[in-house]
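Presented sequentially are two complexes of subunit A, the first with subunit B as partner and the second with subunit C.
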Partner chain A sequence: MEKVKQKDLILYSGLIILGLAAPYLFSAFKVQLTYLCVLIVLAMTWNLQGGEMGYNTFGNILFYGLGMYLTASIQVGMFFPLAEWTESGGEKTFVHTTSQYFQGIGVGLLVSAIVPAIIAGAIGYAILGLRGHYFAICTLGLGIAAGEIAGGIEIIGAGQGFTTPPFPAEIVDTEARGKFFYFLSFALLVGTFMFVKYIYGSRFRLILNAIRDNEDKAEAMGIQTMKYKIVGWMCSAFFCGLAGGIMGGLIGYIDSTDVAFDGREMGVFMVLMAILGGKGTLWGPVIGATLFHFFKEGLWTLILGWQYVALGVLIVVIVVYFPEGLMGWLREKYPERFGEVIDEKDRKAQVELK
Partner chain B sequence: MNKIAKLFVTFISAITLALVSFTSSFAKVEGEYIVLGSAISLTGKYSSNGVHTQNGYNMAVDRINKMGGVEVQGKKYKFEIIYYDDESNPKRAAQLAERLIKQDGVHYMLGPYSSGLTKAIAPVTEKYKIPMVEANGASRSLFTKGYKYLFAVLSPANQYLEVAIDLAVEKNGGKGVKIAQAFEQDAFSQDVRLGILDAAKRTGSEIIIDDKLPKELNDMAATLAKVKAVKPDVLVVSGHTKGALTAIRQISEMKVDVPMLAMTHCDAAKLSKQHGKKSEFALCASQWHKNLSYKDKFFGSGKKYAKDFQKEFGYDPPYQSAESSAALLVFKDAFERANSFDRDAVRDALVDTEMQTFYGNIKFGPGGQNVAKPMILFQVRCKGDDCENRVVAPTKWASDKFYHPIPKWSDRS
Partner chain C sequence: MDFLIFKAPMLMVQASLDGILLGILFALIAYGMALQWGVMNIINIAQGDLVILGGYIAYTIYLWGIHPAWGVIISPIIMFFVGWALYKLVINKVVDRDLFISILATFGIAIVFQQLMNFIFGADVVVAQSEYGTTMLFDNSVTLPNSKIFSAFISVLYAIALVIYMRKSKLGRAIRATAQNARAAKILGVDTEKVYAATFGINAALCGIAGALISITLTLHPYVGLPYTVRSFMIVIVAGLGNLPAVAVSGMGLGLFEEFADYILGTEFRIGAVFLLLVLILVYRRFKLSKKREYLK
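This part shows the complex of A and B:
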């Protein structure tokens, strides 16, 4: 047992060193690497619902978008009148000083983690009683509704969009912005991973699994399923909000339906990535998101105009050939590597029975 | 579990190696080529206008290269453009701009299509101090952010339909009019709306319907039903190509009678071809029309440009293509005056631009917008079944008189 832990340690420290060195090794790819971190976070948090709890949600995009708007609004609102900043036309120019910028984004990120979590709690209380596809459809509506509502609120730019504060001009190094957002998202990734890993070793995960496998039985066992479902969703919302906040700052421009509440892309991608890697596993979403991102960045531009067709084919291939994802497929092929022992006698007996 | 983790590490390292070997990026100037970069909407909701933009760019690149290219320090260079598809999505556009600059080593950018996407790209080009000449981002807020490397060859969006309101007031004997308006929820259309609000205030006009339309604009029947009920003097609609098509389709289906219909993007939507007589009398704001009398030595006059474009791509050039072509002319001129590939020298040369192209005069204001060119209005007019866009304002170029009011549907054959 001790030995395994030591191996783990080597693996994790290796990955962290790689993560820390990445922006220096591949300086030109910083933005893509930042995206990768955020995508992994989104896939991992989606996996908590879709994979562990068995509640396929399309609503996590709501928290992502919310985090984006909140961070930007607070970053501006702390120092300047928000309404004048976002006013269509925006005749006045406001410039953040370096300390204002970082203070703003710090407070903004804090709020963008807490508020979505609270909202997830409130919405969860209302809709987590729904099960199966009813829940999925209901959450699909959440993201779409949020996008349309945000597109009508003048103070956050409405249809005009919201230009987030530019990186302070006093920092002359053009690489600084990329590094800042990379390390921010990498820290978020590490935090999320540690949190999810902690959950994987806890009773909480077992309860989520029990809800997935048979919610009625879980309830009969005396588990207050509603409470755990809500807490699970709040955890996801917390990290989704943070991811959104970081992305808003990185992209520099928030559009209600195309960037923030982007259910058509991000909302679908997070589900796809988790399923590709294998839902219900710790590493599945990480691998899924990484593969997906490389597929997207590598092939997308080679097949201009056909990329969404390719994506559609990819979805079909995943669902048909890897319904359990890559991790599930590997698990089936090499069960012993996952620590599963097959009782040959029992297997034979079952084959004979058939 | 651990073996899997190892597998994962192996996978990561393989990718790492691949990336490192791939980082051999392009240079800003490669051999005899000056490399420009652009993210263009080839798919998604702006795909038709994205293609108009790309055709405009390509046409100008071919023409300039054929006619000797760009001369810098006594050496001739040719233009080359690296394109990516931004999928009409601002997030993707910002990411691609970063990619063009960091990975492909592009030092000069051409704009994308639409204000929203330009808004997403401008912070990136600004950060890396990359001069960007854009031809399709007209939103006023682009020019008030203090961007130093952004240059737009077109007039700002709020000017698009102000003239139309002035015209309506003039026809109404100088008294204010009743305006019904519906705009798509996007940066450009909302800016056009601001222009109307200003004009309404100035002329004492009243806005009686002020609707917002969704982004994937396929239906505006609710707005039109209201218009039928309250009978405004002017109906203003803006929502890119889809907005123009939807408006004409439903106005003719529902037989909505308004004395004046003002729109944007009629020529990009090929309204007069697609809807023929149904679109007659629609008044359209345009950045350019082929009948204008501007000239340059690469494309000759607007008419000549239209003819060559038609030959090359098989359709009449909308102004989106014309202004995109003009962006290349501006870049060529700036490179030659800077006589250098230094980004800041090129940027300074761009600031001092003062030239005439077939598309119009170009001179950049302090915010980067083109201040030397007025907007024009044209009206769709038909002879038999043959419909055409005729310039009606400003009077200097007007080929036809403005027809007002629009006859009722019951009187139209």
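This part shows the complex of A and C:
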């Protein structure tokens, strides 16, 4: 046991050092690395629902978009009138000072973590009572409805979008913006990973698994399943909101359906990444997101214009032929590595049965 | 807030008529979805995109100089084979599996369809002109495009034809048998694989008809498929599988809701209202069932 822990320690410290050094090593790819961190966070939080709890949600994008709008609105609204800002390119008339910018984004991120979590808790009782595909379709509707409604609200820019405050011009260092957002997202990633890892070692995960495997039996065993389902969703909403807030600042422009409540891209990506890596595992979503991001960035420019076709085909291929993902495939191949004990006799008997 | 619709009663008549005629069209799409859901246990997210594709087929023949109304005959024939091919390529691999897999797989198909339509037909909003004129009612205060009446009429016609076909024909009997018990049907000599392919093809053909009608009554755009999927899903969960009168009634109800939402909330919230209604209906049914300690299955 002791040896394994030491191995883990080396792995994690190595990854953290790599993560901290990354913006200096690959300084041209800071934005991509920030994207990667956010994608991993989204995949890991999706995995809590889709992988661990068996509730395949398309609705986590709701919290992501909500976080994005909340952070930007608060960052502006704390110092300037929000309506004027969104009405006529406010970033030209109103300028955030350095301290205002950081104060704004700090408070904004705080709110964008807490409010989505509260909303998840509020709607959780109603929505999480649905099961299986009804839940999937309901959350799909929720995400798209949010996008359509946000696109009709004047004060957050309606259909023409919302320009988030530009990075303060007083900071002369041109690298500062990229580094700031990278370290912010990296901190979020580390926080999310630690939290999810903690969950993986706790009774909470076992309960989520019980819900996934047979909710009625779990309930019959005396587990208040609804309570745990809601708490699980609130945790996801917390991190999704933060991820959205960071992305809003990084992209610099919020559109209701194409950036914030982007069910066609982010909403599908998070599902796809988790499935690609292997849902229901700690490392699956991380590996899946990394692979997916490399694949996407490598191929997107080569097949310009055809990327959505490729994405659609990729979804079909992964879902139809590869539903267990990379980790599931490895587990099938090397079950011993995953701590599964196999009775040789039993295995042979099963083979004969087939 | 004062709403125009409550001040002018004629607008209400207008909205009601529009809604009912539109709802009949929705019911046709929903019937296709109920068919494949009931028979194959598949939720097809690409349903709306099949509709739009059917619409573009009618639009294409309109561009060739043929009257777009012929689309209601040509489009379903082409779409039947599109559906058949789609079944052979992808759907047959997800029929017996978890519903979520079929949702995701058809989601992927929907994205591919959207993008391909975007390449082929362009990203502009298009409409095929039927030049049927309009009917004026109540001293010209209610305008009713004849194309909408035409589309409702054709929808009803096809729905009746399909019901008769399902009752009387051999394939119809095979489809109903498979829906009741696929295994038993197989034992009794029904080629279920063929039945599934035919069901998906018929569903696609229904989408083709609806699409052709949409191309003359509403507008077409590569990315507006998903709302049609959600509408038909909504109608099916309200009406139940294989209950045609209920499908028709709830389709009209949805049409009415949409038109009134359009007037009261504003056009920008129309699609949002549709999706929100879906969430509300599901939540309502969930609470109603949870009183009996049951859940939506």
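The working rule: the second predicted complex is superposed on the first by the 347 of 354 C-alpha atoms of A that agree within 3 Å, B and C clash if a C-alpha of one lies under 4 Å from a C-alpha of the other, contacts with A are read in each partner's own complex, and residues count from 1 in each chain.
As a working rule, contacts are C-beta pairs under 8 Å (C-beta built on N, C-alpha and C of every residue); 3 or more make two chains touch, one makes a residue touch a chain.
Worth saying up front: this structure is predicted, and the values here are computed from it rather than measured.
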In the overlay, answer first, second, both or neither for which of subunit B and subunit C A:253 touches. first
Tell me the contact category for A:81 with respect to subunit B and subunit C: first, second, both or neither. neither
Of the two partner chains, subunit B (first) and subunit C (second), which one does A:191 touch, if any: first, second, both, or neither? neither
Touch test for A:148: subunit B only (first), subunit C only (second), both, or neither? both
Comparing subunit C with subunit B, which touches more residues belonging to subunit A? B
Which partner chains sit in contact with A:335 here, subunit B, subunit C, both or neither? Use first/second/both/neither. neither
Mind working out whether A:161 is in touch with subunit B, subunit C, both or neither, as first, second, both or neither? first
Looking at the overlay, what does A:268 touch: subunit B (first), subunit C (second), both, or neither? second
Touching partner for A:308 - first (subunit B), second (subunit C), both, neither: both
For subunit A, give the residues common to its interface with subunit B and its interface with subunit C. 148, 151-152, 158-159, 305, 308
Please output the residues of subunit A touching subunit C within their complex, sorted ascending. 56, 126-127, 129-134, 136-138, 140-142, 144-145, 147-149, 151-152, 158-159, 264, 268, 271, 275, 305-306, 308-309, 311-316, 319-321, 323
Enumerate the contact residues on subunit B facing subunit A in the complex. 1-6, 8-9, 11-12, 15-16, 19-20, 23, 25, 42-43, 83-85, 87-91, 94-95, 98-99, 102-103, 116, 119-120, 123-124, 126-129, 139-141, 144-146, 158, 183-187, 189-191, 193-194, 212, 214-215
Inside the complex, what are the residues of subunit C that reach subunit A? 43, 90, 93-94, 97, 99-101, 103-105, 107-116, 119, 226, 230, 233, 237, 266, 268-269, 271-272, 275-276, 278-279, 282-283, 286-287, 290, 295-297
For the complex, which residues does subunit A have touching subunit B? 4, 7-8, 11, 14-15, 18, 25-32, 35, 88-93, 95, 148, 151-152, 158-161, 163, 166-167, 174, 177, 247, 250-253, 255-259, 262, 265, 283, 286-287, 290, 294, 300-301, 304-305, 307-308, 327, 330, 334, 337-339
